[in-house]
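In order of appearance the chains are A, B, C and D, and numbering begins at 1 in each one.
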Amino acid sequence: MDTKVQHDSAAPMIELRGISKSFGPVQANKNINLKVSKGSIHGIVGENGAGKSTLMSILYGFYKSDSGEIYINGKQINITDSHVAIEAGIGMVHQHFKLVENFTVLENVILGMENSFLINTALNNARVLLSELASTYSLEVDPDALIEDLSVGHQQRVEILKALYRQADILILDEPTGVLTPAEADHLFNILRNLSKEGKTIILITHKLKEIMSVTDTVSVMRRGEMTATLETSKTTPQELAELMVGRSVLLRIEKDATEVGGKSLEVHNLSVMDKRGVTALKNVSFHVRKGEILGIAGVAGNGQTELLEALGGISPATGTMKIDGEEIPLHDKGSDARSRREYGVSHVPEDRQKLGLILDFFAWENIAFGYHHNDEFNKNWLLMDNRKTREIARQEMAKFDIRPPTPNNLVKNFSGGNQQKIVLARELEQNPKVLIVGQPTRGVDIGAIEFIHQKIIELRNKGVAILLVSVELDEIFSLSDRVAVLFDGKIIGERITEETNESELGLLMAGIEDGPEEQPAMESVA
Amino acid sequence: MKNLPKWIDLVLIPAINLFLAFMISGLVVVYIGENPFRAMQIIINGSLGSAYGLGYTLYYATNFIFTGLAVAVAFHARMFNIGGEGQAMIGGLGTALVCLFIDWPHWTIALPFAIMSAALFGAAWSAIPAYLQARRGSHIVITTIMFNFIAYSMMVYLLVHVLKPKGQMAPESAKFVAGSNLPSAHDIFGWFGMAFPKSPPLNVTFLLAMLACFLIWLFIWRTRMGYAIRAFGWSETAAVYAGISPFKIIMVTMLVSGGLAGMMSINSVMGEAERLLIDSVQGAGFVGIAAALMGRSHPLGVFLAAVLFGVLYQGGAELEFEMPAVSREMIVVIQALVILFTGALENLVRVPIGRIFMKLNAKQN
Amino acid sequence: FAEPAIIFDIGGKFDKSYNESAWNGAEKWKSETGGSYREIEIQSEAQREQALRRLAEAGSNPIVMTGFSFGSVLDNVAPDFPDTKFALIDFVVDQPNVKSIVFKEHEGSYLVGLIAGMTTTSDTVGFVGGMDIPLIRRFGCGYVQGVKAANPDINVIQNMTGNDPSAWNDPVKGGELTKAQIASGADVVYHAAGGTGVGVLQAAADGGILGIGVDANQNHLHPGSVLTSMLKRVDVAVYNSFTEGMDLQTGTVVILGLKEDGVGYAMDENNQDLISAEVLEMVEATKASIINGDIVVHDYTTDDSCPAS
Amino acid sequence: MDYLTIIQILDSMLRLSAPLIFACLAGLFSERSGIFDIGLEGKMLASAFFSAAVAAATGSVWLGLMAGLTASMILAAIHGFASITFQGNQLISGVAINFLASGMTALIGQNWFRLGGRTPSLSGDGRFLPIEFPFAESIGKIPFLGPIYSELLSGHTILVYVALLTVPLTWWLLFKTRFGLRLRAVGENPEAVDTGGVSVSFLRYRAVLICGLLCGLGGAYLATGMAAGFIRDMTAGKGFIALAALIFAKWRPAYALYACLLFGFLEAIAIRYQNITIEGVGTIPVQFMQALPYILTIVILAGLVGKAIPPKAGGEPYVKER
């Protein structure tokens, strides 16, 4: 590990000059200049599709820039591929992890850096190094675990370990906290601070301005492929950054008026679910959501949120009872699939838009009917679907949800993540559901879009829909939900009225520290 | 690269690829000591230049359309049905049973029943692989390969021991009843007072094949089931999220696929041979794979690819006839090169063409 | 003067079987007379009729074709070309301008069976067929009858290669079948399996037993290891048809058996040490009996059954 | 079934499995790297032809083997060219290679030897001969274990032993070496390899060429080890059976061995027991016995083997920029 004197500010550690890159007709980066000094933490913010990931991938040699120069430590380097970047001491933690899922942690760490023909030595060396790093930076992770068995937080640690194993002096992190819980994120930032103290230069891409403010030294803003500003973090504010990004002022926290809550719309009793490995992932969970109410489900990822959503959405079998407006709906028999759930008026915005919510290779208009393709509005007659009408509906909904570009005849995979999320929301919210279940609605989405999505969810609540919101973002839970329940180890460990609780209390619950039994009646009293 | 105008994508690039394939084939022709240009001319003229040649070309194409559609439909649900060969063979059995034992008064009555029977038998032959895939996750590629071999054995048994008239030498069924004989192109043109040569086996099934192309297009792109099949093909997890049952999709898709393959026998068994032969499919199931892949699983593409293969079959036969040095293996080589260049190596042409086009575009702007 | 023509069946002219034999006959005619002929190897069922008509329209005469599968097609086509003469090998078509030529493969097979039966020391012999179709059963049945005539206690192991078209081109499987027969005690193996038979004879030679060739004289393939070959003179039939040319006697059925020298067994320098004078004598005597009708070899295809097994 | 018969069936199983093992492991390398290959059949066929042709012409089976390997690897390179460099459809490319090999071998064969695409029969040094183990004769007399040594293990051509050795070698290469680690990674997630600074294309080319090499060994074994010469289309679907075995084996070397041995065993049984008469039922049709291996395969697949999950990145070309 190299521990040079920090802030040796003669030449910037990283300098980009006039970087441009286009993908076919899309110009992702336009003439970008950037300097980052050694040992600093530099933040980059920008809307979805602004070109942040592209720029970093160019720095890392994953993409080749069309023009421009890169200087590392004052020396111009022609980064033709990632190999050159690694040699130059650059490490990158990608937005979408580049890990081999059925490999162990060790195998992933040494991949590409095995040093000899047989991998045994490398595995042993890596094992030693990993335990050293674990103690130096508290980056613990089981070296023999398979990636697919690790939580995303741990997977991310593996990515960081990979970079450190390669002795990176420069560490690029692309939206590292998008999938982390607040505690995990804090942990990560501590690690980053330690690394920067040791002289490592860090570039951090994030949508969360709070993180920028708390951890970075300097920050750049990207907009539509251009670098619009580079500022010292201490001399700017979240508001200013948000405006620079979006080009208008943004509400960082949604206004929400109290609404009249109605009767119980969604009731769940003793819901239990086995996960794919046959482990009980949800144990006798009971709760209800009233009309015009948002119940937030908080918790550290992996405590049963996914199973809860999939059970309610009719994707996976479950036991227990589920009632909509007092009518019991079947949970387990064959008819109780996702299709019948929709027919009962349950709309479901899934956690993972790419794996569940969308067919990436379908056009936007086809996705607008997805799951509702049996509905009359999308069909001409008993046999044929009505594509023209579906396209028209899609056009309207896309306009209403400000989806860019607003063209239904566009493959969904060509939309940015934020806009993909809006397509899912447009589809599910426009079905006039009785009950809406939402998982991580703003994961990886820029602040402009977050504002919009939050507004839409509140609007639906105000219309009297019962909403179940699952999110690992406490901010989101606090700004949207009326009540919040915390899932821990497959059980609801406590419920609070949002206005009567705070982050630290929820934080304790999320860590599994249970509250006294007297809380339960307090909740009933809201009714 | 993806924003090339349609005509470049659909016409120019395939044309150049085809040209390249023929160029290389030409070298092989030169290798065996013949004139490649004359060979080319014989292939084109022999297959498309006369009603006679066209009659054969389209007859072969009809076979490949059915087997190609069969593979294509399965592809949409991301399943690779290698079993077209066996399904078509068993479909032939279905056709034969209908045409052997019922004294049909007229082909118009026999045909619908034969179609149903052929499709039913073909579908039945794909049902077990489909079920095993849907319920047990047994890989459809293995099971359909195995079912091809089982079909061969079953056909030999049935023809030799059951369907063959006693004392007959050839392991084939008796001739079908006269009432089941389908009108050939010669007959059909005759009804309208037009002339068409008598020998080409092209028959009314070709119209059926075109209809099948249209119906499959409608099925895949216009019905809910087709929508569900495509969704499932792109992403099984998303399909489940949307309430689409994988079991239902796998079963329906494979039954349709097997049914289509089975219907090939309407053309070859009922339309041409008018009896069940021991190998009535003759590799059409495998050519169907190539046709589906080259046609990008789109019925129109499958149709065009099937006609292309028809051209190669018929043109190849003419070539063999006109050029004694050319053997039938030569035709197989040409087919291989056509598949390679138009199917697998298309980027060889697409990338440079795309670049040229982009440059031209940039200049214009 | 019209060119003669020949159409080969789907197996192709190099099938190591009757198509190849036919081709040899045509080539012999070509080299002897200096004449030329046209040929087509069909690749699909639909091409049977196409090839026939193409040749007839082009004025080829006579047109010879090999294989029973041409029967029904020729029945349709022949009336359309009354001036063309056709010769069909292996099947009978009743048309005035068709000469049908069929062989009594069972008689030839009987003789090689007899030789096998008299040669075996293990009292076990084998037969490898290509596919379980009547034609091949006819070979097998004649062979078994011959073996049993030598000694009714001899055990005949009969195997078929497979059911898909590769059954005729699978020397590996042919070899493996032969090895299994050897392991079961067979010391003479007769094949009627086209290209697969190459593997049969090879495995027999490698295994130190004797093989019996078919159709053409295959004794030279492994001198000293091929006991004899059952000759089916398709080559002669083709040669004669080409030679007769326009004088081809049509409207007739020619049945070529031992008597007509249409079938037989091969003796040459490669196998003369394998067959003793005593055996030869017996075989010749039997041949005479068959020719004069004292011995009737049962033809499997007449009733789809075999009296001996 | 007596003991010796069992030994003989197992002996036959080994011979019949060897080409499958080669082809199956060939497919394993290719598919583990993310390149699907249904052209195993074609590559084997090409190698079978060229090995036999060159062995016939030179009288040296080793030269023949070299030629066979070269031919098979050239086809593999074409497959790589189409599916790696030009990001073409791997299935189409595989189909084309099967057609190409089938046509070309017969065409060239006819042109060279005028034997209808057949090569002359090989003899002497022109073919691989069985290797008798030392003292096979005398050890064979030891009861029980003797026949295993003398009948089952001894008396195969060298390529059978090579095939058996290739299995642990493949395992070692795949799981113990840098190359194997990267190879497995590139089939699962090529981006992980790419961002690790390793060339995806080069890695895949190597995998595809190894695939060609092994197919070449399989083909050469068919023509110069099992048979003694080439006959057109003599691979008779073995490439497809190997593909089935590969899926059966879930892309793992040891399982691949078991799957191929199983297929070989079933075929050996079917060859041995074609004519079975069951008391009261009569003779079972030979066609049923011939279909039995395929039926049993399906039964075993459905009954014992769970879902086979192919390498994740398999079949898709690696495209960085859409």
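The rule we apply is simple: a contact is a pair of C-beta atoms (placed from the backbone, for glycine too) under 8 Å apart; a residue touches a chain by one contact, two chains touch by 3 or more.
Keep in mind the model is a prediction, meaning the values are calculated, not measured.
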Point to revise | Chain pair showing more contacts of the two, C-D and A-B | key: C-D
Review point. Just how far, in Å, is the C-alpha centre of chain C from the one of chain A?
Key: 75
**Study point:** Between chain B and chain C, centroid-to-centroid distance (C-alpha), Å
**Key:** 35
Check your understanding: CA centre of chain A versus CA centre of chain B: separation in Å?
Key -> 47
Practice item. For chain B, write out the residues touching at least two other chains, lowest number first. Key: 2, 149, 153, 156-157, 327, 331
Point to revise | Numbers and ranges of chain C residues touching at least 2 other chains | key: 12, 132, 162-164
Review point. Which chain D residues sit where two or more other chains touch them?
Key: 110, 117, 232, 237, 287, 290-291, 322
Revision key, fill the gap. Chains touch in the following pairs A-B, A-D, B-C, B-D, C-D
Point to revise | List of chain B residues in touch with chain A within their complex | key: 1-3, 218, 222-224, 227-228, 230-231, 234-235, 237-238, 240-245
Study note, to complete from the structure: Residue set of chain B touching chain C in the complex reads 56, 59-60, 148-149, 152-153, 155-157, 160, 164, 166-172, 175, 198-201, 268, 272-273, 275, 277-280, 282, 313, 316-317, 320-321, 324, 327-328, 331
Exercise for review: In the complex, go through chain D and note every residue touching chain A.
Suggested key: 176-182, 184-185, 188-189, 191-199, 312, 320-322
**Study point:** Residue ranges of chain C in contact with chain D within the complex
**Key:** 12-16, 20, 132, 158-160, 162-164, 166, 169-173, 175-177, 179-180, 183, 195, 198-199, 202, 206, 221-222
Point to revise | Touch list for chain A against partner chain B, complex | key: 24-25, 313-315, 337-342, 348, 350, 355-362, 366, 369-371, 373-374, 379, 383-385, 387
